[in-house]
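What follows is a pair of complexes built around chain A, which joins chain B in one and chain C in the other.
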Partner chain A sequence: MSQSPAPLPFIEGLRDASSLRLPGSGHAWLDTARRENLEAFVAAGLPDTRAEAWKYTALRALGQRRFALGDAGAAKHAVDPHALVLPGVDGPRLVFVNGVFRADLSRLDALPVGLTLQPLSQVLEQDPEALRFALSRHYRETSDVFARLNAALSGDGVVLRVAAGARIGKPVQLCFVGAPAQSELAWHARNVIELGEGSELNLVEHHLSTTQNKHLGTLVSDIAVHDGAQLQHVLLQNTADDSTLIRRSSLHLGAKSHATLYALELGGALARHDLHAELRGNEARFDTRGVFVLRGRQHVDTQLSIRHQALNTASESIWRGVADERARGVFRGAIVVAQGADGSDASLSNKNLLLSTLAEIDTKPELEIYADEVKAAHGATVGQLDERAMFYLRSRGLPYTEARALLTAAFCRAVFASLPNETLRDYFSDAVIARLP
Partner chain B sequence: MTIENDSPAVLRDNVEVAAALGRRYEAGFVTDIETDSLPPGLSEDIVRKLSALKGEPEWMTEWRLKAYRHWLTMPTPHWAKLNIAPIDFQAISYYASPKNRPKSLDEVDPKLLEAYDKLGVPLHERAKLAGVAVDAVFDSVSVGTTFRKELAEVGVIFCSMSEAIREYPELVQKYLGSVVPTGDNYFAALNSAVFSDGSFVFIPKGVRCPMELSTYFRINAGHTGQFERTLIIAEDGAYVSYLEGCTAPMRDENQLHAAVVELVALEKAQIKYSTVQNWYPGDEEGRGGIYNFVTKRGDCRGDDSKISWTQVETGSAITWKYPSCVLRGDRSVGEFYSVALTHHRQQADTGTKMIHIGKGTKSKIVSKGISAGRSSNSYRGLVKVEKGAEGARNYTQCDSLLIGKKCGAHTFPYMEVKNPTAIVEHEATTSKISDDQLFYCRSRGIGEEDAVSMIVDGFCKQVFRELPMEFAVEAKKLLEISLEGAVG
Partner chain C sequence: MLKIENLHARVEGKDILKGLSLTVNAGEVHAIMGPNGAGKSTLGNVLSGRDGYEVTEGSVIFEGRDLLALEPEERAAAGVFLAFQYPVEIPGVNNTYFLRAALNAQRKQRGEAELDSMQFLKLVREKLKIMQISDELLHRAVNEGFSGGEKKRNEIFQMAVLEPKLAILDETDSGLDIDALKQVAQGVNALRSPDRAFLVITHYQRLLDYIEPDFVHVLADGRIVESGDKTLALKLEEHGYAWVADRDPALAAEARA
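Moving on to the complex of A and B:
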């Protein structure tokens, strides 16, 4: 814990946070939860790299910065609606600009039967009681410091429910847009997502910016996938290269449910994602596919942890990383098989390409196994492009940079091969290529 | 009642008896020998007394005090996946030595010799047959080193650390603490302050040590800790293979063992360090046993040098041990082969660190963890490739075998790569002995326990292959004994 005599500018910036009026203020339980979380965050401060969860991601520089509490002009920033369009994604859409819901950019008419989709700010003003359990949570882990801050200051986000048995055909798009403002600001968004028994949902989470900005965004998502439900979650993180984005997603999977996550991390000066999945019901399955492609001084940290705690559960994780220039890619993939979770089948593969002498990759696949009827394996590599493949392409007349881009794109492409939405798959591929030197 | 088990020769003699009484920790006898020991407690005063008792020069006392003062400022580490009751450092006696200090091996107390005989450590004529030079450390002091004359003829120095401090102060001053500095970590700092003895090996330029060197550590007295310090230096082009074995009596209390081993390999030198660790592991309920906190590090200082660690860890209630290689010289090689077995309530958190600094450095890690009973067994490793380590290469393989439903097997590998020409690979698997394998063996008339030990033996083969032959036989037997009662 940092215990510097003078408070950090980051903490100093929160001085007036307790008097902030947020959606839902006035409900005693919510006020209490927000106050307690704020006090806990301020008391603990920002963890240093001695904390295992932050070993490879230093928060020292962030601590020296002061962010404005929210954006008063968030409702007015001009955002080009075309920038929000993703090919192959044409369903309902919810848009947040600097953490604030924007009805004018969203598409909430004609929601399919069985889908409830509302901004959190609305729900908090109308009937916050239904979210009491989710919003009065306390976070105690060092890895969750920003979740505390989020719990204290978030007033908007997504509340999404799929009724039991409903199959939502068109993908639902959630956009988190960073827009320039008077000063560097911090926004906090909170998602509560629930898939009823036997339901199906395609979710697309998109982080982007209209222009360069240095904001800090935090996003906490709770996703419950009930028995037999199926979730496909596509995550495209392409936020401003100077911004900071810290996310925590937690998934609970019921019996025979199946969730698949496709993540593409491209933007951010500092982007962190803590992704926790608990396989709580028998035969639940969770698959993740992820890629990061970094350049400049980007620092992207993905902390994946999957907990098998029921019979015959399965998980398969395939992650690829590319770091160029002075970028640093961090990956932790922890698999826990709890006592009694017999029949668990877990595998994790993390391969990384290091393209520059100043870039760095830190990876840590972990296995914690407390049951014996299990199959668990992980593999991780850090290396460079195959020289022979490079030679082959160059001998056929491809310039060095092009050959390198082609092979790097191929390295990443394999991860998204199973993404059913073909148009989106191609878009991802192009987005990767566009990021390569 | 106990039986000796540790050398193949003795093993063979006692196979029948061992089979009859096999389910016991066989090195758990106490030898009734008068000991001189310091009163329990730790303070600057104790450190000074210890140093004075050993007749050390001023610089050594100061070195210890510096470490002690640093240790006082350090917090106890909690990062390992170990559940350790707080250790009362004031309740431990930091020095115990047999009262009749021998002048030469011939004067060694016969009871002591008997104790080593029971352990199967060849201190006397048997040593000649075994062809292994032995330094035996009993509680806090070295009680005898064999084959010194033969080794001296080729220029090899093999003696106890206390002697080295007296006889070769310039070598000790030059190398002691140069690989593991006094303030390196909590237990290394403690060791630097209070280490009592250990082995010192110096292989001069171009010499290939003509025989295997070996140290045998034994904790005998109660309420004592053992803090040994080993320093091995291989000059340019030298080669040495070194074996280490450990045992302790069965006691209800937890005893502390905090050792430091430093290896220095200069240009083209090779050091092979093998350990069979069989400290008392505690009983079925986890009462007693040794707390084993060891810092082992090898420094490949010269180009083309090589350090290889092989360990078989079956004992200790708690194992906290990470034999590491600092690959400083260009094209230097580090290897780590490990079998760690935990049973009952044993806890092990062990692994290695490979720090690639020089160009074209290579490292290989093969770790096999076996957990049974209610034990917890973790591999924790770091492979770090620094910016300048052009073309560095690492391959890591970690396999865990689970026997039973209440044990845990964990893998925590860290990879930090800063050079784009490096290739680092890690693979890990966790599984149990499959029913198919067992069924196959049983259908051929092999009993369940034998089948399990066959399968475990196959699982560990990659590591056993790296051990010197005598040790490999011992290690295999040790695994069998440790696993008894694990199945069925």
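Moving on to the complex of A and C:
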């Protein structure tokens, strides 16, 4: 691993951050874990493009910037509650502004039976022992420098548990809001999500900004889906076009569990998502459906990694990318069928559309199979809008921009066709069209 | 309505139309016939504004406007419709949604009020009846998985809904069996009106048995070399295009005048 040191600190006061007072500070195991991670991050620095995982995403410009260590005013920024509303999503809600929990914007009254939903800051102040295993384990296991940075500095986020057998009907919404502050700042949030055996949860993760801001946000989510549980995870990433958002999600799936991710990535100057799923129990299933639509000089990088580790596991991944103007999209889909994961079924499709000659999309599907009786398929394409279809639509009276939007939306539509929430599905389709100039 | 004068057009550096002139008045049906490679489809594509067709000389005036200066969507809004020889399949775009978007886009450009979904549905029902088309086609993606006949009927159905002033039918008969051909022709005939003109481009006389033209023109080597009434089509059928090619274009011009 070549992680040559970019100039540090790119976050002000980073080297002295271990003296920072964060929720949970004072508990020796947590202080130790945070300090170790900080030291590891400072020693490693930001990776450069020689690191395979960052080949298409350069961090040089990010490393030369200066972010404030946190936002002292995060509790007071005005946020219009209407901006948090998503059609078809009317359940409990947890809201974070610049990484800090906001009770005034959240909706935590009358939680359904079987659902525990709390901000991490609260849990760390009240009963951090409950998270000791989850936090300290993760703090040590990753070589991802942003996960280390997050582990060192995150003091808030979501703690969500669904009791065994509980079916949570209404979708649970997690909002991460970027709001302008006195200076550009870095925020870090950490989610710990657990679905008990045979439980069901609809989760909606929503990233947005009140206005333009150039913050850096990191979010690390651990999601455990125990045996027989069902998770539907909808992700809408619509943060400001000049902000930076680095996310890592780790999923563990138990036997006969089923998780489906629907991801729509629209915002960010730089947005990176590392999604790592392990199918650990027999007959576990993980499906992903994702779209990114980029314009301007946006750079959005999705790194999908799925490991089949048990018998008869299945995964189906369908991703579409659209890049206009000078935008750049990166998609890497790596599927591993480990030794012993016989009878597994894995497929990956990634199709991309370039709307401008200056846009670029890099796609890299990878398949590694070490098991027997495996069904596996993958394919990736990068193309342009069909000239014949464009002329056909225009010859019927649709102006150029409208014809382009119609074809682009059609290109993306199949991805969300299976999203059960019809209202949200229509909203996604409109959001895709609205992104096109 | 349409006045084409001395039109020269080039495709991929090759001259295809070489001085084509034609006048079409409202209410008239003109058939353009000619051998393969004569420039028939090029004419349709040039009139509807397709990219890659470069006009090097001449003019096209449609209802007093310079048609060649307009974008394809502006030509559509002005009342020009091209029924494609090869209608394009557009997966993911619903036929009804597309047609309503197209109609409303035209109306918007003309400064007319857009139709809401109820008004549009009413219009569609009327047109379906005229065209004798099953509404099953409406719920599918544009032309996706349509048979050859369904595609052509869908073109004529779109024409019925969009109500153009000038309809150009580019080899609409190609690939159709006799039943489908009759159905398409019936649809076209139902749309004939004193305000609407048709340019029927075809290789075979067969279509003209069902769509009776007022004028027949023979296109050869990028020019109209012969014009006449519908009996000209029959002569062509009998003698073949070689008969026209043998004739002197200058004589043809004289005959036309």
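The rule is short, and it goes like this: the second predicted complex is superposed on the first by the 418 of 437 C-alpha atoms of A that agree within 3 Å, B and C clash if a C-alpha of one lies under 4 Å from a C-alpha of the other, contacts with A are read in each partner's own complex, and residues count from 1 in each chain.
One rule holds for everything that comes next: a residue touches a chain if its C-beta (ideal position, glycine included) is under 8 Å from a C-beta of that chain, and two chains touch if they have at least 3 such contacts.
Quantities reported herein were computed from a predicted structural model and do not represent experimental measurements.
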Applying the document's definition of touch, where does A:397 land relative to chain B and chain C: first, second, both, or neither? second
Just chain B (first), just chain C (second), both, or neither: which does A:388 touch? second
For A:164, decide between first (touching chain B), second (touching chain C), both and neither. neither
Who does A:83 touch here: chain B (first), chain C (second), both, or neither? neither
Thinking of the overlay built on chain A, is A:407 touched by chain B (first), by chain C (second), by both, or by neither? second
Chosen between chain B and chain C, the partner touching more chain A residues is B
With both complexes overlaid on chain A, does A:52 touch chain B (first), chain C (second), both or neither? first
Can you give me the overlap between the chain B contact set and the chain C contact set on chain A? none
In the complex with chain C, residue positions of chain A that touch it: 386-389, 391-400, 402-403, 406-407, 409-411, 413-414
Could you list, by residue number, the parts of chain C that touch chain A in their complex? 48-51, 71-73, 75-77, 81-82, 84, 87-88, 90-93, 98-99, 101-103, 105-106, 109, 141, 158, 162
Chain B residues touching chain A - in the complex, by the definition given at the top: 79, 385, 387, 400, 402-432
If we count contacts the way the header does, which residues on chain A are in touch with chain B in the complex? 52, 56, 339-340, 352, 354-357, 359-384
